[in-house]
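Read from first to last, the chains carry the letters A, B and C; within each, the first residue is number 1.
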Amino acid sequence: MTEPLLRAKMLTKHFVTPRTAQTVKAVNGVSFDMFAGKTVGMVGESGSGKSTVGRMVVRLLKPTQGSVAFRGQDISLLPDRAVRRLRVDLQMVFQDPWSALNPRMRVKRIIQEPLLLHSKLSSSERSDRAEEIARSVHLNTDLLTRFPGELSGGQLQRVCIARAIATNPALIVLDEPTSSLDLSVRAGILDLLQELRENTGAAMLFISHDLGTVRLVSDHILVLYLGHIIESGPMNKVFDEPAHPYTQTLLSAHLPADPHADLHRHLLDGEIPSPIDMPPGCPFSTRCPLVREDCRTALPPMVDIDDGAQRAACIRIPEGTNQVNC
Amino acid sequence: MTLLRVKDLHTHFISRNLDNEIRIATALNGVSFELSRGEVLGLVGETGAGKSLTAYSIMNLLKPPARVVGGTVEFDGRNLRDLQSDDMNSLRGSEIAMVVQNPRSSLDPLTRIGEQLVRVHTAHSDATAATARARAVEILGSVGIPAPEERMQAWPHELSGGMAQRVLIAMALMNEPKLIIADEPTTGLDVTVQAQILDLLRELVETRNVAVMIITHDLGIVAHYCQRMAVMFAGRIVETGNVNSVFDNPAHPYTRTLIDATPERLRDLKHKVHGGGAPPNLYNLPTGCHYVERCRFADDVCNDPVAMEEVGAAHFAMCSHISAVRDGWLS
Amino acid sequence: MAEFFTVTQSLTNSMFRKVFSKVIGISRRSPTSVIGFVIIFIFGFLALLAPLLMPYDPVSSDPNKILNGPSLEHWFGTDGNGMDVFSRVIYGSRYGFGIAIPTVIVSLFLGVPLGLYAGYKGGNIDEAIMRVVDAFRVFPSIILALAVVAATGPSLLNVVLVIGVLDAPIFVRVVRAEVLALRSSSFIESGIIVGNPTWRILFVHLLPNAIQGATAQTAVRAAWAVRISATLAFLGIGIQPPTPEWGAMIRQGAEFMINGQWWVGIFPGVALIFMVLGFNMFGDGLQDLLDPKRRSGAK
């Protein structure tokens, strides 16, 4: 088996709120691997900690506990100066392209900035390279002299992606890159990401709450709930045979844009609990339709399903009573 | 029975720029549609297409520099544009209710939610505070809020996003409205909560015979919760019809692009999605079809004025090349 | 040839019309700023051309003409040393600008980087910087200025440095507030993720986006600097007479006021009032135009 490019081990992030001094347990022991050329899709509702995990992977945040090994080196403890050198390989694209770009910088300078910081190219070489990158994300090179405020949302997100791929990174985290874009623009960006996945060989972590989009771009799926991975597996397995009751309800709540699609919905009551006040035992026990007494006592471990490619954290799985019926 | 009939509605943003020249953004350019009781209409389109503006124009809630400059809004036999502001005020919140995005910012943060519900009712009826309170408790319960009696005492900041949206829907229902306009009612809510809110709206249509207009950019919601849909582009409705009919036989190239761009279709599609591109400049719209700059099928004819054409039973589209688009879409 | 002229003419015409309509647009939105700008412009004109405009040397005394009232020869009269008040008032505008501009520059150089750093770092660093800033602000600045200038000696340089340091907290606060508002937008994170060191985040990414509020403040702070330096001079610890500085002249004039020789103090006083007023009006207008939070009305 090939070595993973990045291995996250028992990642944990707790924040302390400034005034009330409560502990927000945003991420609680998340472990996963990422491989070159493969896309991991991370889904979960707001408050599931998925953005926090993404930021720890590229060391925008330091984990409270756990480690992130990139090419075998633990980057979670590196000093800032050393992390800056790693930025060549670790990049991120943010959710809101309108606020992700410096409004006072021209597009060309925005795309060139990573090269200025990480390469010894002359300014004319950088300029040529910026045009090349712009073309590779299908951005009209006429736009390079404009300011971000003059571009549309789709164009801005292309600039963000251009900036992220400028140094040919080995790993890119995409935090909801399409969720603030209009539908027809979104399709173009997804096309572009697909293209980059084939051409660059970078590992990608695609974070989204939109199951339809995640399904389109991912090889492997992680399902997060209250800062725990409750299910992980190959994309088709998780979407076709979800094992965890939460994954099943999440998939059933998705509305496909097709009036003829059958909806087998099993609805949940209530909402995701606060990460300040975590339920004991299984994090999903407060809403699970299949909950029973021993769910509330201890955190269920991840168990293998079939050959172990798919794993989920539910104590009912070994008994085979984990299916939520409509 | 038709409850709401909007005819040829025009709304403009009229302002002066730094050079002191008058600039007019033609944001709505002749919006027409009808809505009956017991019906759910989905209004879809991209950002800036004029979806929310249509709602605000109907409700007469525009602030300068936006102004309705033409058209009629007929609601229950009355032309809303002729009403005095007092009459319009008494209509809003009683016969027409609005549920907006960002539910939390629509609630008064300094007033307990029970008090807010009571006020909405007593402002529009002769009900005493006690009967209004009883009604508020009943309605909070009916929108799926557990322990409504206790929740009456809650402050808005204590509510989660989903709960706040339920309270807003409860507020909309306090006076038995005939029409509910829901502007992106589930944007920002999680999918599991979204389903709960939409189910609630559907139940209201079935049990109370209200008419609902859902403004959204999510075609999934339209596909499963609306009977009819209207697609907006640059201030005009470019296609309207029954949801099944529009999804099965989209006629306007913009509608086709939208439907092709949904993740479900993208997975099956062999070809790339055509479309995207910037929204047209509202200060200087094309003379004919507004979609002309982004359309593969555009030719000189498209610069002439376009009209709605019937493409099926109660299914209309505003395009001069409907058959050419149908035959040539996949090429 | 004639064609060429009409072309250039219509070109300058249209350019002129463009500039003109822009001026009209600004003055519609903020008429006070235009009045303020005109006042400052006139003072600037006086300061620049002072040697040409002054009928007499502002510091040469004529023992034969002590405390003469306004006349055709001496429009604003003469002072207790027999110096021409009109020439001194004109020359005083140089001191007005000479104090206002360097003071604001000192304040900006101190306040802006501190504000950027405090807002960006947050936490304990922010807390420490802001406590010092608050301490400066609650202490009556005139007393602090008096004390420091009295201790360091009354030179122009000292006055500028002291007032500049005392006024820096304003800029710290304004810039920090803008940085705090910007922290939520992800372009800062996006700057970190491509590997910008802290200094580049502060000065390349944050500064151009956080400077509007401070720029809008500069004219108002200039007015404050002119006023406080005049106050120091009036109290006798700022710039010393016979330097033609308005505050010092007002002090001198105050002694003669009771004898009815009003011209010595009133004319520099009026000049001072106009300059402060000009800076303030211009500053208010600047804030209206530059500060998005105060910008109102049509887009």
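Quick note on the criterion: a contact is a pair of C-beta atoms (placed from the backbone, for glycine too) under 8 Å apart; a residue touches a chain by one contact, two chains touch by 3 or more.
Here the structure is a predicted model, which means the values were calculated and not measured.
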> Between which chains do we find the greatest number of C-beta pairs in contact?
Replying inline: A-B
>> Taking each chain's centre as the mean of its CA atoms, which one is most distant from subunit B?
In response: C
> Using CA atom averages as chain centres, what separation in Å is found between subunit A and subunit B?
Replying inline: 31
>> So the centre of each chain is just the mean of its C-alpha atoms; given that, what is the distance between subunit A and subunit C in Å?
In response: 51
>> Looking at the complex, which residues from subunit C come into contact with subunit A?
In response: 184-187, 189-197, 200, 205, 208-209
>> Per the contact definition, I'd like the list of subunit B residues that touch subunit A in the complex.
In response: 46-47, 160, 162-163, 190-196, 199, 217-224, 243-244, 247, 257-267, 272-273, 275-279
> Which positions of subunit A touch subunit C when the two form their complex?
Replying inline: 58, 60, 84-85, 87-88, 90-92, 94-96, 99-105, 113-114, 117-118, 160, 163-164, 166
> What residues on subunit A touch subunit B, complex-wise?
Replying inline: 45-46, 152-155, 182-188, 190-191, 209-213, 215-216, 249-250, 253-261, 263, 265, 267-268, 271-272
